[in-house]
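Below are two complexes that have chain A in common, paired first with chain B and then with chain C.
Right, the complex of A and B next:
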């Protein structure tokens, strides 16, 4: 009996160690990844949140941070950085009230439809209320800064770069992709050529477009002279400068849309297209009913990726226009960069957080309301 | 099989734990002893003398941070190998854009990275770095360094590179704004070089659109760069200074010395804003996007009748490879004004013996020593050997043997700062100046330095924020037409007041008065 009682001891120890290893192995194996993520992503996020609530100063032997609460955010919205960040608001007119009223009615209908639907949840309701408030405020900002003597701030300028840029990049990318999937001579050559802009560093693109838009020294000077535009400069006018930057951005990023859409177009089944052709469908009908639904999921993902990326535009305005005329071409990242360069680290972090908020806001709208619905509708 | 599994798991856990422990162990950064600016250097004998007796810095590598070239950095890069040959120290020159230099220096020093042993930067930043102990007190070095010939450095630059009576940077360059004009074009039009800023506008207007370089196309009356983030914030003070400062250098043009309120929301500064903006009417169409390199290039190509610049254009204009205005370039001290600010009322009043005691022919001049010239400072936190070698390199660059050769070459970006460089014309003539051109050029600068009403650049803590951040942004908005003159002046006043409040009004006032020699 004694022998029997004593023998299981090493067995029990063995079992305990084994079961403990079983339980802990998973956690410990993912620990390095979690630590790396915490160190590289979460920690900087928290540190920069603190930075946005603090003031940086040089002090004997180094530097110091002083906690200032929400002062940096207050400066962005109502203080000395207000016009820089939000823009110069023109007085309200009857037209701005009408536009704003229409947007508010549309948002109210959107909220009401959700509220009256059968699948209302607390999370969904809160999300939609936040979305409505966000869109309402952005609309107010845009209609007061886009025209009638208003002036765009870095937030609105960034939105212009993002939405106008992505719109044209997608349309052009799709057009080029449609062309190069046809059996046209030289299509392989042009596929490589169309990809080249994406391979060039953005700073290189910026310098190239700075030169191209120079009416007195650039390679297009003879053309400008022929058109009598030698005394004209793109960058003297706010919208001229923004347009020049948008052209550079569209030129550089259209290839990204193009190459993914080529892959999407080439991966669609040939049979439905052939069947439709046999049934007498024309090219537009084939595109509308077969090709478009086939590439829509890829397109949505593509736009989402570009959306997130486009918010971070900085190279082109920095090199092409130095952010000018005035601050007309400064994006949010450029705004944060200028404040960082001036060692106003608190304001810089606050601008970066507002950028993070905007990217998250639009990405969530896109994913939850547009992508899901569009793809589910197929 | 079960036993094998357990062994495998234990082994895996041990490996992961080892990796974690190892990574924690190696994560500790290399630390450097904290800077102590009061530490006297080990070697106080003249580095240059020591260097000449043997390769005392064999094996030492010094990293110097400065503004991206080609000018300014170029002489450092070119003379680095000579210094290595002389002392054994290897010199690495690291360059960054001008607009990032301040931030790079500060980040390097305050974060304890200390990647750079020396900095070639604006001496006006000394007041930010020296009190924090980030740069070395070079007084003992200078006192022991006969080869530097410190007494030959013009008094203004000796003072501008010092803080609290101690030398913190070694000047390699002397900076003063001047106006350059096309001698042939003005003579042809029967115009005199401008004495006031109103004259400047009149000459620019008269010559704008005329063919100045014989290519059959209309050229520009004035070229003064206006791009944001470049040099606009210095040009505006060259224009504003004679409107605001009339009672001598110690009066200062930036702040009221009684209460530290900015001198920008008044008729004098508003007039300067209007003049600066109006020069754009007679300039190239994309002037709002041009830096000094662009406007300098246009002047050298014969496309501008007038321009404002540092001393660089003088030597550049005689370079046949790049200049179409050889022997056609005149240089004068900055124009002035016949009206000056009444500090009590904020209005402009006419010049008389009381309001403008230093006026010449009824015109108040206040030549602006903009930027103060590039100067070398030594990181206080690096090893003593590195400090010694970095100082020795800056001393070597500033010594007459090197400096006299560098200041006569336009592409170096270095302008004269030694008394002997103004007195001895021979190096200038050897470089290609005619006797007359050399005399006129040097007199233009010397006249400015000798002026009892010269305006010195701002040199108080946060001067970078006052000038290169807030003034730059508001000026850009004003030039772009987004702000009226009144709005620009008011916004600048408000933003400068915020900075002053943040930094402490009394402390800033004490600093400011100290830099003006007031008590």
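Right, the complex of A and C next:
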């Protein structure tokens, strides 16, 4: 303070303002985003939670909502929507018990290891118990609906779409990104080409794939005929239809993985790679110890974003198969959409909330995995 | 002699064999990408009977191309709609993407370089007051009044109860909260959002669409930019800070230029997301501000899908994005960061 009095600075007011502005920088940087998100997120979240607990009816002069408690959710698990949402469960055999038992043992080991570790906290414990319960139930559902005699419900189908789709998208995206960051003539041409599928509107992609997969008018008709499969229509086969949808999904979203990974690889500095080459490391060692750790954070984010988006898949099943055969290709969002179209807004919101639970569950696992990894890396 | 074929000249240049293999894989994937698009192009030159009577592959050889669909979309019956929706898309999508990028990049920078400790007590008070205001509004109180009341209650509670609960969350929790805003499927949020804009008298305006798009894409921008910004060496910012640069100046003249590859990549697909968004546009626009995806979906008429019209529209829609992508692609390149660190 004294020094300031001795040497009065010119533009003192300006300095005060700018230092105050500097102290507030933290708030100023983040506030617009927080406010925007609050504005358009809290109300819809609460409103649809209320919707899921209510029954929607057309009433004279408009519509009315009646509060029905958890009836919409009950319907999803045990009531009329049960087989639609959860699927048909195959009877348990000794084999399903063995598979399920193995998963349970793995989960038990995971819990036991946490108990034996030195830092057990209540929050961590609750989180891990919930994780174990959730994964146990999901495994039970997946085993029994995927087994012979079972039928996938919209929940299992969505999980298949999400995990199979993301697996292929990431592998393909990473491989192609690695190839196009090499110093090859024409790599920019390939990069732009590879971006194309992402640029087509999802509805458009869905219609395009419906054209392509048509077994009598599509471009692959001669192949179908050559294989003697003219009578076979993938539309009538559950796994055929799911595969077709997965191909469309992978086709469209690999570019997303690709372009982000290209940017990540490109912004990586060259020196460590140069140093490693001088030291005689082979390309696999360079990838494992330099490139992979550098792109790991971006990859995690990328998979998280795709995880959240992939759970919302709806255009492809809607346009390509109308959810058929039966309900075989319906995803959770599509399930919500059907109920919504039937003006059953309550159960539509209930499905949406179940989807929210599922996505939150997997995202939490994933985010904790990221933190764990980044802590380990440090 | 053989060894030369497997050895690369510099780190980044593959060996001749590696180059051939790379081209092979790239070529296969390029074919898988381009063939469906080729089919789209040929379909756009077909007429109804040529589509329905089995596959025809090569124009002029297999079938006689016709410009009917193109004429119908561009100068015929649908041209007015197409032009209007095209203009709307061109206004809404880049504006939303740019705004999302600006807000998202600043927020991402803040989440990386500042430390926030939002208290649990404050958050719960806030949620309680929001529910209070919604309840009051649903019981017939004017929304301005209920908003004012809950704001007052919030401030009072924050000063009293809110201070008791000292447990605080960190930056990672904020980031997770942000990304969680994308988890509800659009079908569940579209009615509440419709009601909000109806109350604000903003339905069928650009403002409503842009606000919705910016908000729904902010989480993605934040998460991606967070990673890119983390990779920028903090030493540069420390130097600038010692030299007396303000936070804003550091952000503007050091962080942003260094994050260009990330910014460009992020901008590209936020643009793509908004450009192609369908469901929200369907609800928030009635006629004036409809976007092109709606026109495409509308081609699935009672007579069955009008494949040829759809193909034309899809092709028209991707051309501007391709042009932007080609212009921007050069910025997603190596070396920007390295130069800065050395300099």
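Note that in this section the second predicted complex is superposed on the first by the 333 of 378 C-alpha atoms of A that agree within 3 Å, B and C clash if a C-alpha of one lies under 4 Å from a C-alpha of the other, contacts with A are read in each partner's own complex, and residues count from 1 in each chain.
Following the convention adopted for this analysis, a contact is a pair of C-beta atoms (placed from the backbone, for glycine too) under 8 Å apart; a residue touches a chain by one contact, two chains touch by 3 or more.
This structure is a prediction, so every number in the text was calculated from the model and none was measured.
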On the A-aligned overlay, A:33 touches which partner chain: chain B = first, chain C = second, or both, or neither?
second
Touching partner for A:343 - first (chain B), second (chain C), both, neither
first
Partner touching more residues of chain A, chain B vs chain C, is chain C
Touched partner set for A:59, first chain B, second chain C, both or neither:
first
State whether A:216 touches chain B only (first), chain C only (second), both chains, or neither.
both
Considering only the touch criterion stated at the top, classify A:171 as touching first (chain B), second (chain C), both, or neither.
neither
Which superposed partner A:236 touches (first chain B, second chain C, both, neither)
first
For A:25 in the superposed arrangement: first (chain B), second (chain C), both or neither?
both
Chain B versus chain C as contact partner of A:129, first or second or both or neither:
neither
Hey, what residues of chain A end up touching chain B and chain C alike?
18, 21-22, 25, 29, 32, 216, 340
Residue positions on chain A within touch of chain C in the complex are 18, 21-22, 25-26, 29-30, 32-34, 36-37, 39-48, 51, 172, 175-176, 179-184, 188, 190-204, 207-212, 216-222, 251, 256, 259-260, 262-264, 266-271, 273-274, 277, 294, 297-298, 301-302, 304-305, 308-309, 311-312, 314-315, 319, 332-333, 336-337, 340, 345, 348-349, 352-353, 355-356, 359-360, 363-364, 367, 371
Can you check the complex and tell me which residues of chain C touch chain A?
10-14, 18-19, 22-23, 25-26, 29-30, 32-37, 39-40, 43, 51-55, 57, 103-104, 106-107, 109-111, 114, 116, 127, 130-131, 134, 172, 174, 176, 178-189, 191-193, 195-196, 211-212, 214-216, 218-220, 222-224, 226-228, 230-231, 246-248, 251, 261-262, 264-265, 268-269, 272, 275-276, 278, 292-293, 296-297, 300, 305, 307, 310, 313-314, 317-318, 321-322, 325-326, 329-330, 332-334, 336-338, 341
What residues on chain B touch chain A, complex-wise?
2-3, 5-6, 9-10, 12-13, 16-17, 19-20, 34-35, 99-100, 102-103, 106, 110-112, 128-129, 131-134, 227-230, 284-286, 288-289, 464-465, 468-469, 473, 476-482, 494-495, 498, 502
Chain B touches which residues of chain A in the complex?
14, 17-18, 21-22, 24-25, 28-29, 31-32, 35, 55, 58-63, 80, 84, 88, 151, 214-216, 230-236, 238, 321-328, 338, 340-344
